[in-house]
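One chain, subunit A, links the two complexes that follow: it is found with subunit B in the first and with subunit C in the second.
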Partner chain A sequence: MLRRVATRLATGALTLVLVTALVFALIQLAPGSPLGATEDGLKPLTADERAALTRLWRLDLPLHRQYVLWLGDVLDGDLGRSILDRRPVATKIAERLPITLTLNAIALFLIVALSIPIGAAAALNPGSRADRWGGVATYLLYAVPVFWGALLLQRLFSVWLGWLPLYGSGGVEGIPRPSHLVLPVVCLSYGGLAYVSRFVRANLLESIPAETVLSARARGMSRLAILYRHGFRLAAVPMLTLAGFLIPALFAGSVIVESVFQLPGLGWLFLEAAYERDFPVLLGITLISGTATLAGILFADVAYALADPRVRRA
Partner chain B sequence: MKIGCRVFLAIALACLSIACRSNQGSSDTGASGPSVVRMHLPKDPASMSLIGKTDLNTEIVAMRLTDALVQHDEKLVIRPLLAESFDLSVENKTITFRLRDNVRWHDGEPVTADDVLFTIAKLREPETENRSWAPDLSALTSLEAPDDRTIVATYSEINADALEAWRTPILPEHIAAKDADLFNGEFARHPIGCGPFKFVHYIRGQEIVMEANDDYWGGRPEIDRLEIKIFSDQQTAYQALMMGDLDIMVMSSNLWKQVDESPQAERFVRTSYMRYSVWALGWNQRESSFFSDARVRRAMVLALDRESFIENVAEGMAHIGATTFPPSSIWAAPDVEPYGYDPDEARRLLTEAGWVDTDGDGVRERDGRRLAFSLLVARGSQQLTEWMSAWQQQSWAAIGAEMTIDQLEWQTHRERRKALDFDVAAQAFHITDPNMTTLYHSDSMQDGYNFWGTNDPEIDRLLEAVRYTFDPDERLAEMHRLQRRLHEQEPVTALFFFVAPLVYDKRLEGVRPSPLGYANTIHGPREWSWAQEASR
Partner chain C sequence: MWPTRWPIHVCAVHRPGRWPGPLKRGLALVGVLAVAALAAPWVAGDPLRIDLTATLQGPSAGHWFGTDALGRDLGSRVLHGGRISLAIGLLASTLSLAIGVPLGALAGFRGGWTDSAISRLIETLACLPTLLLAIALLAMAPAFLNGIPDVVRVALVVAFSGWIPVARYMRGEFLRLKKAVMIDAARASGATDLRIVVRHLLPASLAPVLVTASFAAAAAILVEAALSFLGLGIRPSQPTWGRLLSDAREQIDQGWWLAVLPGLALYAAVLGFNLIGEGVRALLDPRTRGA
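== the complex of A and B ==
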């Protein structure tokens, strides 16, 4: 078990290096430069200024040298400074991380907590009217793009009904007030909810053959008890894997949700940095979200082993 | 399904009840509370250091918190502000400023000439990366303060726009000098100035809150509090306006129309002002380009029915430009009229320039080369950009020119222009002064924005004349001459000057939009007030 985790950690670190190297190369090879972003609509940079800035941001070095230097700084605990406002990248990320973490943690919890009962309820009576309509509803939900869903929810709950705030964190720095989290969390989770509940339903149905249900029913077990006894343990395995993969999907959703709801989290920062070619910030966020993703997968892996003795022994 | 439903409902209800409760806490303060105006800002300022990495948003914030020696009025004439007078001496190459007496920083310390010296020194440090004013101070050789209220700036070379750079916001030396790092120091966390508003707090991505400065030398602002609300998403900002969370904003023309159709239309003033922001086509004039011949450039403009485009597509929200000098500005030459719509003349000019359709495919040729080129345009959020491109494509097809649209992301667009890899490029320019050297001077091909390769000795001469003529009347005459030459040569076509649709609460008084915006002149929020019984 320990060896397994150690191997995973090693490959994880290697993956992170590769991912950041790839992102680094992509940013630098993309047209446009951070120097261009600094002179937008203003007076052009003189040759001297351009040279000074190029040196400052190490743009004069070959790509691999730039990357190695960046990596060295990161190992020393320095993520560098933002090109946009010269503030330390670590500070910028630390300021915004709580918002994104809160949003995603709640969304992840809601997805898991709600999709299991919903999926199970559908699996209890496959083919029933409730199951079929539930299926239609979840597919519809899955198909609604987040930016549009967000707009509809804003119109309904903020503008017409006036129940929920439209935007922002409610005048506080860091984690928004609870009321300000409701709509963003709903937007962030409904797609995953729809997807995972279908997944749960399919898995439960697959893992409990109809004969098992029949014989268990004959022994006098309730449908719920059958699901609980026979279904969940088996279905839990693929579920865990899925939960690990939800993390990057949620982060991607954060980018949209945060900018629509005006929540200054990591997703918004990422978008802003991408427009400005602020590569130290982009790399810093990639590193963080990459680590989170790998940690999620590692967690899923370990949980997988705990839930399934076959994996543990292998 | 039942279990799922119940759990879901329970959670949803719990969330809603929390939401409703906390919502009440932050509701309106009512008529008896302080008077607050909430204005929109589309983006966080680059920094709160007021002079570092300045962009338009930084300037809007900085102008509230602190004063500059001079500032634009609504006609873009430079007026004294923190300086009570200034004197530009051409023969000595100096500007002498006399500071107002008894102006104090928000912490009570007096504003002195040393603060100005400090600010300018800081501004010129490369680390400050100031792009707004520092470049105009490159010819500054010395800056001295003979006494507490006098500043003498000496230049190695002085031009008629030298005062522009003195719109720099002034920083308090006794506070800002303590920070080794301007961007991350104490000052940038809690900026102190001498302007009409005092800094209260800033929540990134949310709001910048300021309160009236009781001791402002020009008199305390009428309103008690100014809240600058940051909305990067226009839709959200619009909804905020509808809900009364925002009092004034510039919006896109579709949203502007929506305001009129909304049930709350009567709550707002819906107006617009012409910005000195021009949507321009820059023609690549280098040898071997399609557009090295001025006749071809003029033909392209003559083929465009701009009036009907404004009426039918832009819904009247634009003005036609003759040159990049804004129409109805104090600089505009009255005798330079924009080219009208005349496709026959356009065809004649093309034929005269040697472009004839010999093979009957609808596209003209010359020396075996088809008149087929591409328009470089940046992908924007504005649908209008796409409509403009399509309209140009059609209009030019009608005179025998084939145009393809090369729509690129903004950074790529810039790189292509820089690499001179284009035929004609569309982009917006923001005009703040009549000095257009960086756009047209042949020396600006290297270090400026003359991507089109305009290389006309007459234009160069006139640009310099505008730059170095100090007598206002003579200078204006040179500007008019320059416009005539530009109109004849048409190196850049000033297609449209767009109008900014502005919406604000109709009880808000004292809003004076100018081509620079509604908050970028010596006027702005400091003169705003709520109509009687409307304070909020």
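== the complex of A and C ==
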């Protein structure tokens, strides 16, 4: 078991090194230099400033040296300095993180809390009219692009009914007011809700053999009791693997949702950095989101092995 | 941005000799959109023509989809946007196949360190969401990409990670198929590796790979729309579905048609390609056949 975790951690670390190296190399292909970007529209830099910035971003060193030094800094918790305002990247990310974490935590909670009962309800009577129409409805919901769904919800609840604010965080710093969180959270969770509820249904149906259902029915157990006794414990195992997939999907959703609803979270910071070609910030967020994804996969893997002895021994 | 990596499946059971329902519905949706988009220059007016005497008009006989804030015909803009979306969908899925099929086949057939190296590459790219990678790539757009047309550039950026599901699928197919008796038979009769791959493994796995190509097209259209919506990708002067929705966002309290109609077109395209993939899967999967 320990060996398994250790191997996983090692390959995860290697993957992170590869991802950041890839992004690092791509940045070098970009036209223009950070010095040009700081000069843009402002007064030209003096020779001293030029030298100082060159040293700050290590532009005088060859690429592989730059990367190794950057990696060393990361281990010390230093993600470098933003090109835009020259503040530490780690600080900029830390400022934005609470909003994104709040949104995603609520969305994740909603997805898990709602999709398990919905999936179980669909699995109670597979093939029934309710199950079939529920399947069609989730399929249709799942394919709705987030930014279109967001526009329609804004139109309905903010413009038309006037129940909820259109966007923004309600004039507060940091985490927005609850009423400002409703629409973003709904947009962030409906896709996952549709996906996970179908996943739960499929896993419940697959994990209970038809004979088990038949004999339990013959003993007089209700369908709900069968699901509870035989289904959930077995179906919980494959559900753990979802953890590895949900995190990147939620973060990609955050980029769009935060942009539509103008919430200054990590997703927005990423977009800003992309528009302004603020490479250290792009690299920092890439590292954070990659780490989160790999941590999710590692968690899923370990939890899977803990829950299923067959995997552990293999 | 859910549908980009793992589609959910409709439980499709169909009778032998008949086309599965999802396939028919998907082909109908994509077919209508494709015909309309191809015919756009002849049936629709100029999507860029500004008419300040007819701004923000609702759908009518003259303007089926209404007009936008500058009096441009929204229907014409949606149809012309469709040309870009469908072109990117086709181009990006072709590119994804061109990269994913050989790499996946190589990993599945050779195994050993080749498989490890390719699998590591796949895992590396897969730990970043497609959309994020596309945004970062466009932001950094290397100098040599500046000269090529927008559509090709966006398709390249989407295919940069779009080949991953194709390669994963292909690798799985090859791993499974190479243990088949027919391969042993071919080897026993003296077939070379190349011949086994080209004559036996590729034909046997190519049909299922079409399923992934269809999902890849849906994902590409979605990612392109998201990029245009965020103001990246295709030049702003061009009407694209994402761009039209981004315009609608700026006039959220204006006419309903601005947000609803371009979105419906995008939704139909994404749904259509997903349904085609779903239908082909149902056609090939023996478990859903009959019953």
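Just so we're on the same page, the second predicted complex is superposed on the first by the 281 of 314 C-alpha atoms of A that agree within 3 Å, B and C clash if a C-alpha of one lies under 4 Å from a C-alpha of the other, contacts with A are read in each partner's own complex, and residues count from 1 in each chain.
Here, a residue touches a chain if its C-beta (ideal position, glycine included) is under 8 Å from a C-beta of that chain, and two chains touch if they have at least 3 such contacts.
Owing to the predicted nature of the structure, the values given are computational and were not obtained by experimental measurement.
> Could you tell me if A:252 is touching subunit B, subunit C, both of them or neither one (first, second, both, neither)?
After superposing on A, A:252 lies in contact with subunit C but is clear of subunit B.
> Does the superposition put A:191 against subunit B (first), subunit C (second), both, or neither?
After superposition on chain A, A:191 lies in contact with subunit C alone.
> Which partner does A:140 contact after superposing on A: first (subunit B), second (subunit C), both, neither?
second
> Just to be sure I read the superposition right, which of the two partners does A:228 touch: subunit B = first, subunit C = second, or both, or neither?
Neither partner.
> Determine, under the contact definition given at the top, whether A:277 touches first (subunit B), second (subunit C), both, or neither.
both
> A:159 contacts which: subunit B (first), subunit C (second), both, neither?
both
> When the two structures are overlaid on chain A, which partner does A:109 contact: first (subunit B), second (subunit C), both, or neither?
Neither subunit B nor subunit C is touched by A:109.
> So which positions on subunit A get touched by both subunit B and subunit C?
30-31, 151, 154-155, 158-159, 166, 259-260, 277
> Could you pull out which subunit C residues touch subunit A in their complex?
Contacts found on subunit C: 1-6, 8-11, 120-121, 123-125, 127-132, 135-144, 146, 222, 225-226, 229-232, 242, 245, 248-249, 252-253, 256, 259-260, 263, 266-267, 270-271, 274.
> Can you check the complex and tell me which residues of subunit A touch subunit B?
The contact residues of subunit A facing subunit B are 30-33, 36-47, 49, 52-53, 84-88, 95, 110, 113-114, 117-118, 120-122, 130-131, 134, 151, 154-155, 158-159, 162-173, 177-179, 182, 259-264, 268, 277.
> Looking at the complex, which residues from subunit A come into contact with subunit C?
On the subunit A side, the touching residues are 11, 14-16, 18-19, 22-23, 26-27, 29-31, 132, 135-136, 138-140, 142-148, 151-152, 154-155, 158-159, 166, 191-192, 194-195, 198-199, 245, 248-249, 251-253, 255-256, 259-260, 270-271, 273-275, 277, 279, 282, 286, 289-290, 293-294, 297.
> Could you pull out which subunit B residues touch subunit A in their complex?
Residues 1-4, 7-8, 11, 15-16, 18-23, 26, 46-47, 52-56, 126-127, 129, 131-132, 135-136, 138, 181, 183-184, 203-207, 230-233, 235-236, 239-240, 242-243, 245, 409-412, 414-416, 430, 438, 447-449 of subunit B touch subunit A in their complex.
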